[in-house]
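Next up: some structures, all given as structure tokens.
What follows is chain A paired twice: with chain B in the first complex and chain C in the second.
Up next is the complex of A and B:
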């Protein structure tokens, strides 16, 4: 069975685009499922640590009960979500082995560091935090809870570093001899602006989601007039945390928009539906013209309310700066020094040809030819990925998916800024119980957060297309030429597994929420 | 019947431990070896043959290219 499923598919049975599409669908499904748990773990670990600190400082039993209740829900989340991430490691080795070969030496380093944090720091301190209430001293117990939170967040950092390399590769060199990317400067990978911005954006959105997790459950209790004191305390913590994060998200979102505009202009142009680049480009909040196509310069791209010069301000922090549109990036713009995609493809093909000629020369031991081809390759290697594209329009990601996912994320973030400001005032005035409509809205904020965070990542990942590593390795070249049956079979196995695990999580969570914080039925 | 009663008495922590353990065993001991063998190790005996395969993968449109190497770029 193993031989049939994972051997190289011969030309007769190879279905390259089928494998790429199914492998992408499988990766998207597994990462979305995994990501249902990750932000709650990232944020709730910090919130639980804050609540336990309150208990440590005040000695009040109410804080202890509050901490233990949220810690119990966090534990369910961790237990159900645990190991769903290792599925991606499996997929890298089988479905994406070309990608793993080329990028593994660079991409693997942050993932290995993440593994160390995940398995040592998180696991050891997590167990002490969860089961140490009566077994270790109060101070060491609190220390363990904080170390669990820090370990969890640090492991998140290394995943973001790996992802940021895919979005904006730096600190590496493509070796013509091995066809592998080699790390030349770790600091340029770990500390590049893309990684820092994305880490801050990701962490604050995970904290926002966790805050809304608390708010939604607390609002549910308040609407049913159950556990009023507990719920009021929890919703106050949740709303304060959510408000801080809503404004922090706005700031880091602005930083990230500038990074994306500079490093991935195709993604930003698609996200804003900007076809024709301009100085003082506006942001238009509205609907994408469904009939517009790449190359159309005269049609209105987005129907809606324009904010003049908004995009230039967002992307370049200057009112009159030029923002390249989709057409500029595909067909080039001499005035602003933007090369047409065809020229990038031509240069990429030079690099591919040089790699081919280098290995042909190596076979006949022609060292002078090898040196010549190596020099040509090194000169053109930054265009290597473009040489694999078939059409100049391929450099643009799916426009409507990127456009709508970006606008939904921004819409939800903007709503949160206003809503949580209003709710914070209500909390401060102790009027949280007075307006049922706002409590009802509060009770759905968790789902809005999930939509916001998933659409945000959809924009980031679909917006990176057609690349797995931006400009270097196209997605079509990253997948393994294996039998489609293998990818399809595992897709449906994981789908079944996730449905079962999803139901288990929901059932256990709902049971604990119904039991409430007063339950000592299952004391650790 | 006894087994059923035992299951009824499982605490939340025991259930979580059981779910996490079964999941890890299923993924690592069943899914990984059957469906996710290491592609390169499974198909190529030496690192050189793995490398040759990858070079071929990355240069297979080179011979079709109409733009021959041009060092002037």
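Up next is the complex of A and C:
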């Protein structure tokens, strides 16, 4: 304890990269844990609202029991989702104080808007939806359930807007006076294509996960020949919802691939293992060559089945378009006007030096020098972030992580498109109980969804590296200047808590599933 | 609208959100009293179901308070959260466990058992509240940091005669205002225990628990009084962090917060006094006369008192997050705020606040009926 306090008290930040790595690990851990619950809340809130609407319209008490069963699981899930969600808001300040300092003027707004427009809606109407069955009229109760669903989905919108700014910063400028990024046009932050694409992609993947949540539980009941009527009704709703989302995901995924190719070429090059840029670039489904390194132009990068011109079509919607590879982005490509990373870093350093020179001139009130430095800064400010990098290869994210996470996500998405089409036909023909193998596969779709959604976000976030805000602020310059012990300690505190709460959540969910909708029989 | 007007506007919104947060902290107060209020399982159900239907709203106000601070005063967010690390982490931890406390308390197979989840709620009500009070106390006594706006260097623990425990020193560094901070924290605790007891009196039908709630409201009110008085006396007599409006130079001035309370026609003092009188009247109506409306009257009083305290911290040429280690590093609503465009955007966003209040008020209204036997026997009850 004494040692711990002594190290906490020492503010000499000897290990900056250690702090950055542990802060990243903590954020990754908390966001992944949080994200186990969020998609279920996003999608189930809508599905529960649909089921309650069925009850409202038909007056059938079976629909009421179905709604209440799924609502109970939703409530358990919401609690832990809220609990883990607040951690990130704090972490932006505690572990990423420099990020908050530099980006807070822009990044804070969507977070605050999320609170005003979404969280209050969730909190106010959620209570009515959960406890208002006998306290308010049927119509207002249904209205509250829908408002709760809209509130949760709106919160998804604003957090995606915030994240999209980190992926593709727009609507801001770097202010030499305050040495930070400042908002210049909020509409460009909120309505940028990246935000819209990501929101649609995120929402549909969350709906997909919720649908598979229903499918998995219903398939479990059907395999055990329990609650047959309830499970058939639920699995039909789930499969229809999953099928719609599978194809919608394909469409928005295609839109997103194009925005990533244009806005974050390093991410797309890593995701496809494209080292040497080419016109009519293929997509190769397979394995990354483990021996390939940045700068290798002659080695085969990916062993597998090529789809000629696939990447050009995906990324640029043109069969013969040029897609830059990792080597083009690091070492430049004159033909296509791509500057080498070294040049970007050089220009970034000019901007950084100009900023310091400006403030030095300001101290001695040398206005002509201030103007001169300001002009230099503004000319080079778009390279500002690159000035902090140490090595030209740093601009490329961890290639194998991004490559495999992307391919796993795409693989699962493609499987879902075929599988749920097949299952939908079975549902329509009322043959859902006939093939046990497909019911067994259905009962694991939830886990496949989780793998798909986590790998998708891994691709998005690891692919953004080395930046917290793409091209503007490196991750290495975003963390709090603090002794590593503090970050390690909070990491393990939350890890312990998450293990306990995660286990408790799972046990409670399983118990409720075991009890089944019979526990709501009094409603029927 | 000028940058300065927007900075003042946003400090008012922050003050209002701070006041709303303390208003909603009757939930924390109730949690800290739950063991005394309930002697058996049925009574527990009344207490936790009454408080449990409001916890998420309080939680949301906390998130909103943080979000608004982040958007409007990003430098404060960076310095305070990054600097006073452990204070914020413990507060955070207490709210994380609160969020699962209600929902998991009585669910079968919850692993830890009912008592542990109730312990979580007690921890949030007791420790979370005190630490929030200590953190707000530092708005007047200062913290141990220095910042450089250009090189973006934040250093915590720079005072030669100070202690550095990444924020926890605010409760033990007695030569730098820990006594005031602790008194502030304890005052907040007993304040919300009073409103928590009044809420239980307002919101349940079980007469035995209501009687205990009235008694506990009285006891905690009498414990609160010395802390409240001590806090006010210390506040008006202490040296305050004065910001020269022309040069922005920060200096320590005797009786600065008294001057601030009296400035501008003493409007802050008037709000404070109106709040204090209303609070006392509400406690009298709720705890001594057993009236349900006592909760509302007392908590409206709390709203005014807290509003006045936050406005004293930020207005009247005060540094709202001062540094005792390096006076010129102190944060003011001028040097810590967002940009003109950022604040203006958020100004338009803030037009939604009345609608949000309407939505919260209406849903509260439709669910206003006190918790009765049917509620606590419901399968979905906490």
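Everything below uses one rule, namely that the second predicted complex is superposed on the first by the 503 of 524 C-alpha atoms of A that agree within 3 Å, B and C clash if a C-alpha of one lies under 4 Å from a C-alpha of the other, contacts with A are read in each partner's own complex, and residues count from 1 in each chain.
Operating definition for what follows: contacts are C-beta pairs under 8 Å (C-beta built on N, C-alpha and C of every residue); 3 or more make two chains touch, one makes a residue touch a chain.
Here the structure is a predicted model, which means the values were calculated and not measured.
> Would chain B and chain C fit next to each other on chain A once aligned, or clash?
After superposition on chain A, chain B vs chain C: clash.
> For A:441, select first, second, both or neither according to whether it touches chain B, chain C, the two together, or no partner.
neither
> Using the touch definition from the top, say if A:29 reaches chain B (first), chain C (second), both or neither.
neither
> By the touch definition at the top of the document, which applies to A:175: first (chain B), second (chain C), both, or neither?
Only chain C; A:175 stays clear of chain B.
> Contacts for A:111 in the overlay, against chain B (first) and chain C (second): which applies, first, second, both or neither?
The second partner, chain C, only.
> A:292 contacts which: chain B (first), chain C (second), both, neither?
Neither chain B nor chain C is touched by A:292.
> Is A:102 contacted by the first partner chain B, the second partner chain C, both or neither?
Touch partners of A:102: chain B and chain C.
> Report for A:122: first if it touches chain B alone, second if chain C alone, otherwise both or neither.
second
> On the A-aligned overlay, A:76 touches which partner chain: chain B = first, chain C = second, or both, or neither?
both
> In the overlaid three-chain picture, which partner chain does A:134 touch, first (chain B) or second (chain C), both, or neither?
Only chain C is touched by A:134; chain B is not.
> Name the chain, either chain B or chain C, that contacts more residues of chain A.
Residues of chain A touched, chain B against chain C: more for C.
> Which stretch of chain C would you flag for clashing with chain B, going by 92-100, 200-208 or 362-370?
After superposing on chain A, the clashing stretch of chain C is 92-100.
> Does any part of chain A touch chain B in one structure and chain C in the other, and if so which residues?
Looking at chain A, the two contact sets intersect at 5, 8, 72, 75-76, 79-80, 82-84, 86-87, 90, 93-94, 97-98, 101-102, 178-179, 355-356, 359, 480-482, 486, 490, 493, 497, 501, 504, 508, 511-512.
> Show which residues of chain C lie in contact with chain A when the two form their complex.
Per the touch definition, chain C meets chain A at residues 53-54, 56-57, 59-60, 62-64, 66-68, 70-72, 74-75, 77-83, 85-86, 88-89, 92-93, 95-100, 102-104, 107-112, 149-150, 152-157, 163-166, 338-339, 341-342, 345-346, 349-350, 352-353, 356, 359-360, 363-364, 366-367, 369, 374-375, 378-380.
> Under the touch definition given earlier, write down the residues of chain A that touch chain C in their complex.
It comes out as residues 5, 8-9, 11, 68, 72, 75-76, 78-80, 82-84, 86-87, 89-90, 92-98, 100-102, 104-109, 111-117, 119-128, 130-132, 134-136, 140, 144, 175, 178-180, 182-186, 355-356, 359, 480-482, 486, 490, 493, 497, 500-501, 503-504, 507-508, 510-512, 515, 519-520.
> Enumerate the contact residues on chain B facing chain A in the complex.
Against chain A, chain B makes touches at 11-13, 15-17, 19-20, 23-24, 26-28, 31-40, 42-43, 50-51, 53-55, 57-59, 61-63, 65, 67-71, 73.
> Sort out for me which residues of chain A touch chain B in the complex.
Those residues of chain A that touch chain B are 1-3, 5-8, 72, 75-76, 79-80, 82-84, 86-87, 90-91, 93-94, 97-98, 101-102, 178-179, 346-347, 349-350, 352-357, 359, 373, 375-376, 379-380, 387-388, 477, 480-482, 486, 489-490, 493, 497, 501, 504, 508, 511-512, 522, 524.
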